Amino acid sequence: MDSPFILVNLKTYQEGMGHNARRIAVAAETVSRESGAVIGIAPIFTEIRPLSQHHAIPVYAQHIDAITPGAHTGHILPEAVRSAGASGTLINHSERRLTLADIDACIQAARRLNLESVVCTNNDATSAAAAALKPDYVAVEPPELIGSGVSVSKADPGVIERSVNAVRAVNPDVKVLTGAGIQSGECVKIAIDLGTCGVLLASSVVKAEDPEAVLRDLVSLL
Amino acid sequence: MDSPFILVNLKTYQEGMGHNARRIAVAAETVSRESGAVIGIAPIFTEIRPLSQHHAIPVYAQHIDAITPGAHTGHILPEAVRSAGASGTLINHSERRLTLADIDACIQAARRLNLESVVCTNNDATSAAAAALKPDYVAVEPPELIGSGVSVSKADPGVIERSVNAVRAVNPDVKVLTGAGIQSGECVKIAIDLGTCGVLLASSVVKAEDPEAVLRDLVSLL
Amino acid sequence: MDSPFILVNLKTYQEGMGHNARRIAVAAETVSRESGAVIGIAPIFTEIRPLSQHHAIPVYAQHIDAITPGAHTGHILPEAVRSAGASGTLINHSERRLTLADIDACIQAARRLNLESVVCTNNDATSAAAAALKPDYVAVEPPELIGSGVSVSKADPGVIERSVNAVRAVNPDVKVLTGAGIQSGECVKIAIDLGTCGVLLASSVVKAEDPEAVLRDLVSLL
Amino acid sequence: MDSPFILVNLKTYQEGMGHNARRIAVAAETVSRESGAVIGIAPIFTEIRPLSQHHAIPVYAQHIDAITPGAHTGHILPEAVRSAGASGTLINHSERRLTLADIDACIQAARRLNLESVVCTNNDATSAAAAALKPDYVAVEPPELIGSGVSVSKADPGVIERSVNAVRAVNPDVKVLTGAGIQSGECVKIAIDLGTCGVLLASSVVKAEDPEAVLRDLVSLL
């Protein structure tokens, strides 16, 4: 089995920028080294470059646009996040939804550029749909639980289980992540036991007094 | 086998409004009766009601929004197109793309309201993805051929074939329509031979001098 | 002075569709006739036609798209709402915001088609900006008060006063409406006293047990 | 009079990224020093930081989102472009249009963060509207001329003249830039003579064999 994957979305939280971001990156490096888990971070675009230069962890973009180099002012060029050092990207996060055609184009761009693609979805039907597009990961996040402090692992394990089954039926090579409300090692353990290979989370690490302690707890039952 | 299905999108063409729309509706009724093919039309929203009241053909909305009754000014409520007489709806047309989550919600709304759902897609990967959401139809329309006067049946039959196979692999209950550039009975025959159950088209009927003659030609080789 | 103008946005409320919409239209006719106030309604698109055919009140579209006849599936063609019987349209409602360029294009389309244009704005700065585009009306609606049950007339009369002044400084021909939270004759009186020529409102009429009684109260202090 | 201002939008052109961007930045520094003109560049987001660290020219963001720190995955936080070193930002570029309410919020954010705001508009009416929001600059760019190789200075000086007058009538403190199709010193001279204080341009510098020569030509008649 692959190492479990913990992906921390720094969003545009004050607590996830600048020196706060560096502190979370250091914590991720430390806990990753100790535990063997892969811990990645997804910072704001302008911090992809310094974080990927100075820290030995995978850095993800939070979004890419379905464009190629050209006249696209103010958009996120996949080539640009790659050359800034990103090793992967979120696609279709619930706070940045894309059209179906654009999700497909973004996954294709990520594949071409050797960026890991993590497509966010909201239920088992959209998870199956996303799997048909052959991303590396589908991250299932029931929107009502995002940022809720209520873990999907506990509140609605059924949606995770159905998503794992639906994704496998469409394309068994696509890995599944559990998102929404993840906050403890117990949540992560349930997520893994349900057949997903890790978690996508944000506030419980980013807004923690001690992000390193939270990360250490997240991997504690693996 | 089901009767072949010809769905005419009137878009917001001048030639598809008012008395022009009524003329196309009459032509559709006539040719449908003669041929046994099912011929539907998708007019602008404000003409769903009069066309469905006065013509014995299926009337489709061109779009619905992923909303339920409530505070949504300026949106297209699925319940409203249903009560205006629509028997189905396009979803995610290339000129009105939706997010993956909204496509799923629109298909669910259509199912709940007993509206036939026709989800437009741009290639075989997105066709497979759409099929995972269980609409009634997927209409494959390579965007570069829409309105081009070049029929997908002839220019790129491979995309239709791959879409039929991809859709079947995901959900064999979902029917496939061929779109983009359809203009003659030969195009329709190829579309049927490739395993789709009909066509979605627009300008070749709507902008025709004699829509009835075009419709008659479309069904002539069935 | 012009007659005061009461514009009732039916949104996509269940209580503003079908026979409910007809009942509100009848109430608007009655109270308008009694009071001399102009009372218009803005129903869902599919009901513009029947409501404008059967009721002697101005019917408004809730939105138009910045398009001309052509290949625009699923969009709201200004010509279509005109020919369905609308005499005006909301533009840029807070639930259907438009780009600046599209607001301008919609106002121009409305002028060309002889549709009254009511541009919704959220504060005095955007009211002044909208006035520069020369619509018939600017309707100021602080978003936090929409549907709140708290009237802008009482909660924040300053925003109305500043908007009236800002609009006048840019273009004194543009009339101002007061929106957000309007629910009684007192609110309407304050709105008029602040220099606006009427109100834009929704839930307090649409969701009322007795819309006619609410409308009668709204005009009672004029 | 202020120094003339030349703002070079690098868009997401291949020729405006990485070492190409650095070469344009060096050219801008050189020509700025020689001529006294202010020459700024607007690179992709991930290159704001390295370009502003290593080059003595103003660096602009191509876009900001109307958000404050918080849960906004994949968006452009104004604070983030500021802390990456940007001294200003484009707002509402024709390739990244915003709603009126968001343009207002972005200008307010820029003011709060001490970022120069350059709002792009498409005609004299929208220029006047933008001026009502009190940005530092309005850049008028008739969309049909962007990237056309046909200079607005020559093809349609009237739109520039009307925009200057319209902006002055609303707010004389707002400066105007001429955009779309600018490519030579003659274009820039006309732009200045028409009462604007500089130009916004892209392809003629970014895609030039020798950007420094083009920049030198642009300021040659000042």
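Chains: A, B, C and D, in written order; residue numbering restarts at 1 for each.
Basically, a contact is a pair of C-beta atoms (placed from the backbone, for glycine too) under 8 Å apart; a residue touches a chain by one contact, two chains touch by 3 or more.
As the structure is a computational prediction, the values presented were derived from the model and not from experiment.
Undergrad: Look at all chain centres (mean of CA atoms) and spot the one farthest from the centre of chain D.
TA: Farthest chain from chain D, going by C-alpha centroids: B.
Undergrad: Would you kindly tell me how far, in whole Å, the mean C-alpha position of chain B lies from that of chain A?
TA: Taking the average C-alpha coordinate of chain A and of chain B, the gap between them is 36 Å.
Undergrad: Please work out the Cα centroid separation of chain B and chain D, and write it as a whole number of Å.
TA: Chain B and chain D have C-alpha centres separated by 43 Å.
Undergrad: At least two partner chains per residue is the criterion; list those residues in chain A.
TA: In chain A, residues 94 touch at least two other chains, as defined above.
Undergrad: Taking the touch definition from the header, please name the shape of the chain graph: line, ring, star, complete or other.
TA: Looks like a ring, each chain touching just two neighbours.
Undergrad: So which chains actually touch one another? I want all the pairs, not just one.
TA: Listed in label order, the chain pairs in contact are A-B, A-D, B-C, C-D.
Undergrad: What residues on chain D touch chain A, complex-wise?
TA: 9, 11-14, 17-18, 42, 44-50, 62-63, 67, 69-77, 79-81, 83-84, 90, 93-96, 146-147, 202-203
Undergrad: Note which residues of chain B are touching chain A in the complex, please.
TA: 92, 94, 97-104, 121-123, 125-126, 128-134, 143, 166, 170
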